[in-house]
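Each of the next two complexes has subunit A plus one more chain, namely subunit B in the first and subunit C in the second.
For the complex of A and B:
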């Protein structure tokens, strides 16, 4: 078996073309293009991981080191014993709380708009809810800041969880509407014939059937809350400060802690990587607001 | 079936609870969401609209919200900085989305035609990573890469003799550097959506084209492109709205500088509110930005609504 043939076999499994010069060129072309895509995507991520394991002076040497010369985990220790652990804990609390509330409020509404939009303002109100998600965040931030400041509720967990409802609820309503629409109404009707009330049919029949959709929506909402920056920048100071806010402050000014900020970024990315591995194609539907069903 | 008829008996109750459970279920299900959105978005935005006609400034005690008519709007529309930041945003959204779409479409079609099995799965998974991470982290990563004196990009460019461009410190390049980071983060979004859209086209259509002896270009032009119209519109509009909304990457990479060379409109709006505390002018600017967002959103919704006639857009 030639190298080209072997590579092709490993990469693409059996192909119908017989091994030929043309096939060989094609394999080389495809392999190099795939490699270019992978390197471009991954190099920036690699560089961050690389930086996060260097001692501070080594982050500013020329030429830069493509593998840490002195491998150290002290950037992780330093950031976690410094500002890092409290912002990560805050981020976990705010993002989990925000997601839970958004799901509690949004899932039933999504169901209502899937089953009987006519009773709750019609399809146009559903579209209007979705359009709220397209506001630039700064637009609601300005009046909300003024209001929350008046009642002295800046920089608290409940405030952040509440604020994140402004963009999470529209997303949950819209996505869950799309997922509930996939479940034939006939299964609920059958349950109602068996004596369930509509509320029981919802809890015992529809909700279990839609659980993959709930998982997708929950994870997506969580990611958006975990990554949120503009609201956190305006509404948090200390007590509720989340990790995206301290990243720019760590690289501002003269004392630039490149290795520590890289370590914090790596830590913040870990859950994202896990979720990406778990969700794969289901994310596409979520990210297109249910329009593209993978 | 005995138990189910017992259930029937049990639930023939009358009164409020069955009323809530049955006839008005949708109503009770939708009310919390609608109330929350009313309280957290609609009411504040009405306050914001009113404020945009006043001189409210949180740092000047005498400017406590007197009505000034359209003065804030007039100030903005005649200010050079306003138009600079609008121009920057137009450039950022326009070029960003155009490049991301072109690259993404090409790679999506490449993947659909040439990669199989495990390679596709690996590509798919790895491409998810950039777009799932916080834009602020993506911006930070590119700030590391673009370091002028010791970053890896300038080292490699220097090694091949291109020189060391001042990526973030030159007015000519700063916005383009932020754009590069945006393209890195969001081209995968285009790839994945367009790839999914391409795969949902029935193979029969390609088979028919093959039988008719259509060449590749003809097949692309008359099968792929028309079949993917809906997905393409969705991908472009979603991306345009997001590129317009967020200033996260710009914030961490350049802070809008040098000068205002990379300052985006949403960031200028932020500064008006939280740097100069002039709420009147800031709310006026957000209403101007909202007008643009509403236009984009309406186009998007009409595409989506057309798709709802059938059961899906793709």
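For the complex of A and C:
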């Protein structure tokens, strides 16, 4: 079978009627589009991984090498023995703490807004919370900086966790509000009629039913906190410094340690990728299917 | 022994919506009372106040003579079945039915036995380990019933539980619910907008409209002696024919069409309002060969053969008038018929509004419905 024949067979199958021809062109179109998107999004990722395994001189060669000529893990060793390990630990502490606080505040608030629309905090509080996410984070940085400095809270874990509430709480409240709205009130009322208090009904029925939503929201909030740069840059010096801040510091005037930058980036990506893959199944909504008929 | 008492219970939403308007109602032990009415008539709100899911704006709810206005719904020991069934999707059928027992700290060994028993009663034993999403509507309905009866509650509240089922299943479940209620001898309040369901299920029927009970009586009485024009029109299928018009010299002249028929003296004398309403059920209308003072002539518009009866539609200007007649009578579209309204079957309503009361017939013409007559306080 010649290449031409094989291609034609793969594309058009046995027949060459116009319908399957059109279908074939559509398949080619979709495949090309997806390929372009995949290449443009995955190439930087590939290039980062590629660079992270090169010795420093090889990162500067031209033309660049598409696989490391000298494969080495020393960039990882160097960054982890240097500043890398402490900033990664800081990032874990700050992001997990910030996420936990945001969820503890946002989930009950979202529930309250879902069940009592327009009643909690008057008509405007819910929108005000949302509006906190509308201004650019750089806008409140200066006043916040002076406030925190006044109480001696620069470069601490609690500071960073509190700061991240500004963009995380609105997200949690609004996402959880819509997840709770999807749960019919009758299911909670049924639990109450079955002999449970309002609070028990919440914990035994509503909360389990929104667990896919909670997983999604937690992941989203955690990723925002994990990657946050601006607040971290301004509010940390050393003790609470997170990994996004350290990366630009590796870009020096004389030499930039691209391989270490890449190694730290890869290390920072790993937890996000692993957690996303693990949670993929739970992210799927639809646990409430069958709760209510019609 | 469970009686439920509503004492001038009122529920307002916001400033100007009165959902339930001073309703008083006593439901006896072991009785099945059906609250029936169009949507927005306040029947569901009334039920939710018995449940405790809504608090009355004023008035008292009493269970066994004890005021429960301030008792939380979970402490009233009343089971409720919802229109949407409201099953717990994250729990199996077994988990759904055992849920109310878990709230009462029933020992595990006993829970299993009672769940099995309830499941057997409803014929859903083989479904116990499935999730609600994998059940049909009728099966979900049975699970919802099982969850209600497993804990042997003081009373059952049913909030349109049959409305989401298809017609055939609805009739089956109707019978089943009544059988359960009778076997358990439990007090039950059933809400529906379906008058047929109300007629077939209730020991007594409370017809509601605009937040008020229009009539509270056994089904037969509601049908034969409707308290007012609203009840007359709402109960019965096809609906009672209602003609507005006026009386002169014992003869009723309808506003629509060329209808003038004599009404019994006793009725005519007792009327006070003009205009007023004449009502006659389609099955009471007779087709006769020789006209008399109780007949009028009209042209047939449409004939529908239903099998056991045929329904003749007649258009009187803007009013439709129905006659349910013997299917063997040869009647065709365009025929002119003499329709007789038998005097002993005619009802007069003193006015033209829904709440216009029915005028009592002279004693010899009043249908006997048996039992005690209970009317609104």
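The working rule: the second predicted complex is superposed on the first by the 236 of 294 C-alpha atoms of A that agree within 3 Å, B and C clash if a C-alpha of one lies under 4 Å from a C-alpha of the other, contacts with A are read in each partner's own complex, and residues count from 1 in each chain.
As a working rule, a contact is a pair of C-beta atoms (placed from the backbone, for glycine too) under 8 Å apart; a residue touches a chain by one contact, two chains touch by 3 or more.
Just so we're clear, the structure is a prediction, and the values are computed from it rather than from any experiment.
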| item | value |
| --- | --- |
| Contacts of A:184 with subunit B and subunit C, given as first, second, both or neither | second |
| Partner chain in contact with A:131 - subunit B first, subunit C second, else both or neither | first |
| Partner chain(s) touched by A:196 [first = subunit B, second = subunit C, both, neither] | both |
| Touched subunit A residues, subunit B compared with subunit C | B |
| Partner chain in contact with A:142 - subunit B first, subunit C second, else both or neither | first |
| Partner chain in contact with A:209 - subunit B first, subunit C second, else both or neither | second |
| Subunit B versus subunit C as contact partner of A:69, first or second or both or neither | neither |
| Overlapping contact positions on subunit A, where the subunit C interface meets the subunit B interface | 194-197, 200, 287-289, 291-294 |
| Interfacial residue positions of subunit B with respect to subunit A in the complex | 4-11, 18, 20-22, 24-30, 32-34, 36-37, 40-41, 44-45, 47-48, 51, 58, 107, 110, 114-119, 121, 123-138, 140-145, 149-152, 155, 184, 188-189, 192-193, 196-197, 200, 230-231, 234-235, 238, 241, 244-248, 251-252, 255, 266, 269-270, 273-274, 279, 282-283, 286-287, 289-290, 293-294, 296-298, 300-301, 304-305, 307-308, 312-314 |
| In the complex with subunit A, residue positions of subunit C that touch it | 51, 53, 72-74, 78-80, 82-90, 99-100, 103-104, 131-135, 137, 140, 147, 151, 157, 164 |
| Contact set on subunit A toward subunit B in their complex | 11-13, 26, 30, 33-34, 37-38, 40-42, 44-45, 47-48, 51, 59-64, 66, 105-106, 108-109, 111-113, 115-116, 119-121, 123, 125, 127, 129-132, 134-147, 162-163, 165-166, 169-170, 173, 194-200, 202, 223, 226-227, 229-230, 233-234, 244, 247-248, 251-252, 258, 261-262, 265, 268-269, 272-273, 275-277, 279-281, 283-284, 287-289, 291-294 |
| Subunit C contact footprint on subunit A (complex, rising order) | 184, 186-187, 189-197, 200, 205, 208-209, 287-294 |
